[in-house]
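Several structures are given next for inspection.
Presented sequentially are two complexes of subunit A, the first with subunit B as partner and the second with subunit C.
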Partner chain A sequence: MPELRLDRITKQFKNKIAVDNVSLCLSEGVYGFLGANGAGKTTLLRMVCGVLKPTAGEIRCNGTKIGKLDGDYRCLLGYLPQDFGYYPDFTARRYLEYLAACKAVPRDLAREKVQEMLRLTGLSCDQRNKIKTFSGGMLRRLGIAQALLNDPEILILDEPTSGLDPKERIRFRNIISSLSKGRIIILSTHIVSDVEFIADEILLMKQGRIIEQGTVKEVTQNADGKVWEYLAGPDESLRLNETFSVSNLKNEGDKVRLRIVSDTCPCDGAVPVRPGLEDVYLYHFEEVSEHVDHLERRTL
Partner chain B sequence: MDGYRFPLDERKKAQCLSAIRLEASHKRIRHAPAFRELIWDQLRFYSWKHWVLQGALLLAAMLLSLILRRRQADDFHTLAACSVFLVFAGNICLSHVGNLFSFHMAELEQTLYLNLKQMVCIRMLEAGIADLALLALFLATTGGSPSKIGTSLIYMLVPFLWSDVLYLHMLTSLRSTSSAFRSFALGLLCGALAIFPLYWEFLYQSEYLFLWQGLAAAGLFMLFAEINRLICRIEEGDSMCLN
Partner chain C sequence: MWTIWKEELYKISSRKIIWLGVFLLLAFATIRLYGECTHYTTVIDGNTYQGPEAIRKDKELTIRFRGLLTLEKIRQIYNEYGFFYYDADTGNAAGNYLNRFITEEFTNFRQTDGVDPEEIHFRKGADWENNSAYLLDRKVRFDYVYGWNDFAEMYVLVIVALFVILILGIAPSFAEEYQLKTADILRTTRRGKGAGIWMKILAALCFTVTLTCGACIYLWCIYLAVYGVQGLDASAILLSFATPYGYCPENVLGFFLYITFLGISGAILLTGIEMLISALCKNSFLALIFSLAVYLFPVLWMNVLRFMCPFGQTILSHITHFMVSMPVYLPVSTGFALPSEQMVIHLCTALIVTAGGTYMSYHRYRNA
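Moving on, here comes the complex of A and B:
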């Protein structure tokens, strides 16, 4: 059973610090990295995979630096990058066979594994089709298939569900849950529901730092007393929506039920409710998304 | 008494064997492929287009040199034709190194057992072997005494080495350019580079041999420098592995 230890990892690109002094210990289980775009999740995962070298700090697998383990470490890895790479002229089967060869899967076993992965991801019927004809969802499924080819003990998935429809997303979640025993699975996403039900531990990343870490229960407990519900009239709901972070709006007759995330009671009559992971996300990343929205508006 | 055997309980034996098989199947057996297996694994995934193109190029070069001989053209023209073909063959071989960096594959390949750096080295080695074989064939085509073969070798090596240097330099420096545009521009440039000396026929006279030798030595040095640069950049990761 591998154990990954990240010790004061920092990555700096020119003037920008993408990952700032992150220390973690990862053992068996599913870890969900949540954070807004630009939080440093992808950079951190790239360092764990050995694609990028940390500016400072070190990553150890079972006590040995991953650079020293070299191929032995990469044998344990399954990686799905955010920008999934493929050769457009390869068929799905040829592509998986190629990656199996590069992953040092013995040739007789590789054929078996390729078929197994194609079945698991529902691509058996398309195995002879060229990848350039695949839809976004099919590409993502192919990406998941290649990540699982070598039966990895450390599975790293960066935004694995982008482009998947709800049915495929549920199927993916079930696959991950079924694989979680005896492995380290690291999932990076900004879609809360992707990790809410399957992650053993949630790690919230903001501006290159881990700002919160714990089980879903622990993380949501920290937001106790910061989520409120209030039944408002249409005009009042508009005003509250502009003033506070609203995680949900639901019409109830001629009134609107608002779910507000706020440190203080937003208005008389608002009642505190149990926070969910989405509320926690909104609590931490509201200003970031506002900033991104502002930038997007400016560029438009 | 010697022949006495305890009767075997076949049912228990089968149970034990299946338990052993189950345990064995759970063991992760690490496979460390031999070097020749790694080379073959890269070769077998080259597209058929690559082999067809290389074959066609070789055939065309042989036919052209045959025609030139029949027409009793001088060695200079045969040599120039072989140089151009060798440059194109070299570029086709190197394009397989370039392919590793296209379509966002570099990042993924860097995380595999056989990582990007190793793949680049293997493909370069394969390209080098193929180029050497072609070079030997072309030299055999031009024929002549050993000293003449040595001179022909240098004449053919110079455009070949410098076009490879150019290819590798563009590969590391023009990462943002589309690979199709890069390959096209490079094909034109290298072709021009190989044809270039044809316009100055006097350069093939023996008194200018020192110039060719100097260019060959510089080309060899630059080729190693470019390979080193490429590998260092892959190790850093930032510029070569991310698209």
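Moving on, here comes the complex of A and C:
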């Protein structure tokens, strides 16, 4: 079982620091990287894949630098990039067979593996169709199929569910869950529900840094006392909605039930409730309206 | 590995524009040869022949005079057929292959307007020594080479145009991977940062060499079908494309094998350069434009820039030789009358550029 160790990884593009001094140790399990667009998730994952070289720091796999392992490291790797690239005129099967060859899957095994992956991702019936005829969901599934071709021990999926409808998203989650045994799966997303139920560990990224790390339970526990529920009248609900981060808003008769994320009690009568991962995400990433800048916000 | 090579070849060859270009080019060559053949005219003993029959008659006529070219043979041809000229009224050629050859090579024909046989006379004195004597001094083996002269002209045209088509095919090789965003996936695979890149380069190389050989073989076939094998053992300096001053193989067959070799060398060099440009550009279209500019730059240099060059003669000469070693000129560099040592230097330059371009493209793509 591989162990990935990231030691003070930094990536700087001209004047912008995309990833700032990130240190992590990853072993078997599903790791969900959550963060807003531009948080540095993709840059970090590209460095883990060896596509980008860090400006500073090093990545080691089982104690050896990945640059030194070179092809042996890539043998362990399955990668689905954020912008999944494909050849429009290739058929799904041809594309997978080509990538199986690139991944050095033995020829006899490759055909078997391609068929297995096509079955797993529900693309068997479309294997002879050109990829340019595929829908967004089919493309993502093809992306997952190619990432799994070499039975990778380290599976890196960057925004794998973007553009998928809810049914496809659930299907994808189930595929990932079924694969999680004996692998490191790194999943980057800004969609909380993608990782909430399947990730063993959540890593929140903001401005190139890991600001929170732990199991869903640990991460949400840290937000205890920061999430409130309050039944407000229409005018009051409007005011609270403008003043605080509201993670949910539900009409109940002539009143509105608000779920508010705030360090302090937002108003008299608000009751603390158990936070969810979405509340934690909102706590960290929701931009606060200008007129409530005076409200002091602290990190958890 | 075989699968990667095969798929890389498929990626290149699935570009329809290449096949359209090749088809149009070879169709043009065929139609031009057909036109040349049907309009071919010869006048023998007052009888005018046209088309394939005229070619056959000229070939038969030449058989009598083939072999070592001597003054006696020239005189005999003149005595039997006179000088070649153009009919002033119709503009048609009045003559056959034999008297046309002696008129063009041994008389002042090119200094006249070619319509008055009275004006035409054998060169004399220094004019003879400078422009005609070498054909007798060099013990030239004479035969019917009209078709092979045309072949040489067509070869130049086809190679220059074919290289443009090859650029369309191979310039996107690496750039397309960046553009389609497949580069990231490929470079995270076991072979994607090593053997996979070499397979891509090898596929491009195989494609360019195969297409160049294919085009040459096609040209050979159509010219052999029309003109036959006669003249292949004649001296190469009978061809207007071959210069007597630089390196030139002994016979016509040797000459064509030599320029075919130069054509293939040019195709390999083109691949090396294209691979580097493709690895440098993140966009296929940009790679294509840049490639065409680099391909045609030596033409610009030879015709414009070298006359404006501020450097001294030595640097200018080195740059010019370098330009002549580039793909646009290398296959046709026999026309530059270069000695064999210089040709070896040009081929070595091409080899170094190819190796350098290929190596740099590998590293550029691997680490981009």
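Going forward, the second predicted complex is superposed on the first by the 287 of 300 C-alpha atoms of A that agree within 3 Å, B and C clash if a C-alpha of one lies under 4 Å from a C-alpha of the other, contacts with A are read in each partner's own complex, and residues count from 1 in each chain.
The rule is simple: contacts are C-beta pairs under 8 Å (C-beta built on N, C-alpha and C of every residue); 3 or more make two chains touch, one makes a residue touch a chain.
Keep in mind the model is a prediction, meaning the values are calculated, not measured.
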Subunit B versus subunit C on the shared subunit A, clash or fit? clash
Contact-wise, after the overlay, does A:79 reach subunit B, subunit C, both or neither (first, second, both, neither)? both
Would you sort A:46 into first (subunit B), second (subunit C), both or neither based on which partner it touches? both
Just checking: does A:94 make contact with subunit B only, subunit C only, both, or neither of them? Give me first, second, both or neither. both
So, does A:13 touch the first partner subunit B, the second partner subunit C, both, or neither? first
Looking at the overlay, does A:71 come into contact with subunit B only (first), subunit C only (second), both, or neither? both
Is A:104 contacted by the first partner subunit B, the second partner subunit C, both or neither? both
Applying the document's definition of touch, where does A:151 land relative to subunit B and subunit C: first, second, both, or neither? first
Subunit A positions within both the subunit B interface and the subunit C interface are 46, 49-51, 53, 71, 74-75, 77, 79, 81, 83-87, 89, 94, 97-99, 101-104, 146, 150
Within the complex, subunit C is touched by subunit A residues 46, 49-51, 53, 70-71, 74-75, 77, 79, 81, 83-87, 89, 94, 97-104, 107, 110, 146, 150
Subunit A residues touching subunit B - in the complex, by the definition given at the top: 13, 46, 49-53, 71-72, 74-75, 77, 79, 81, 83-89, 94, 97-99, 101-106, 146, 150-151, 153
Per the touch rule, the subunit C residues reaching subunit A in their complex are 1, 3-4, 7, 11, 14, 177, 180-194, 196, 367
What does subunit B use to touch subunit A in their complex? 28, 30-33, 41, 44-45, 47, 99, 103-115, 119, 235-238, 241-243
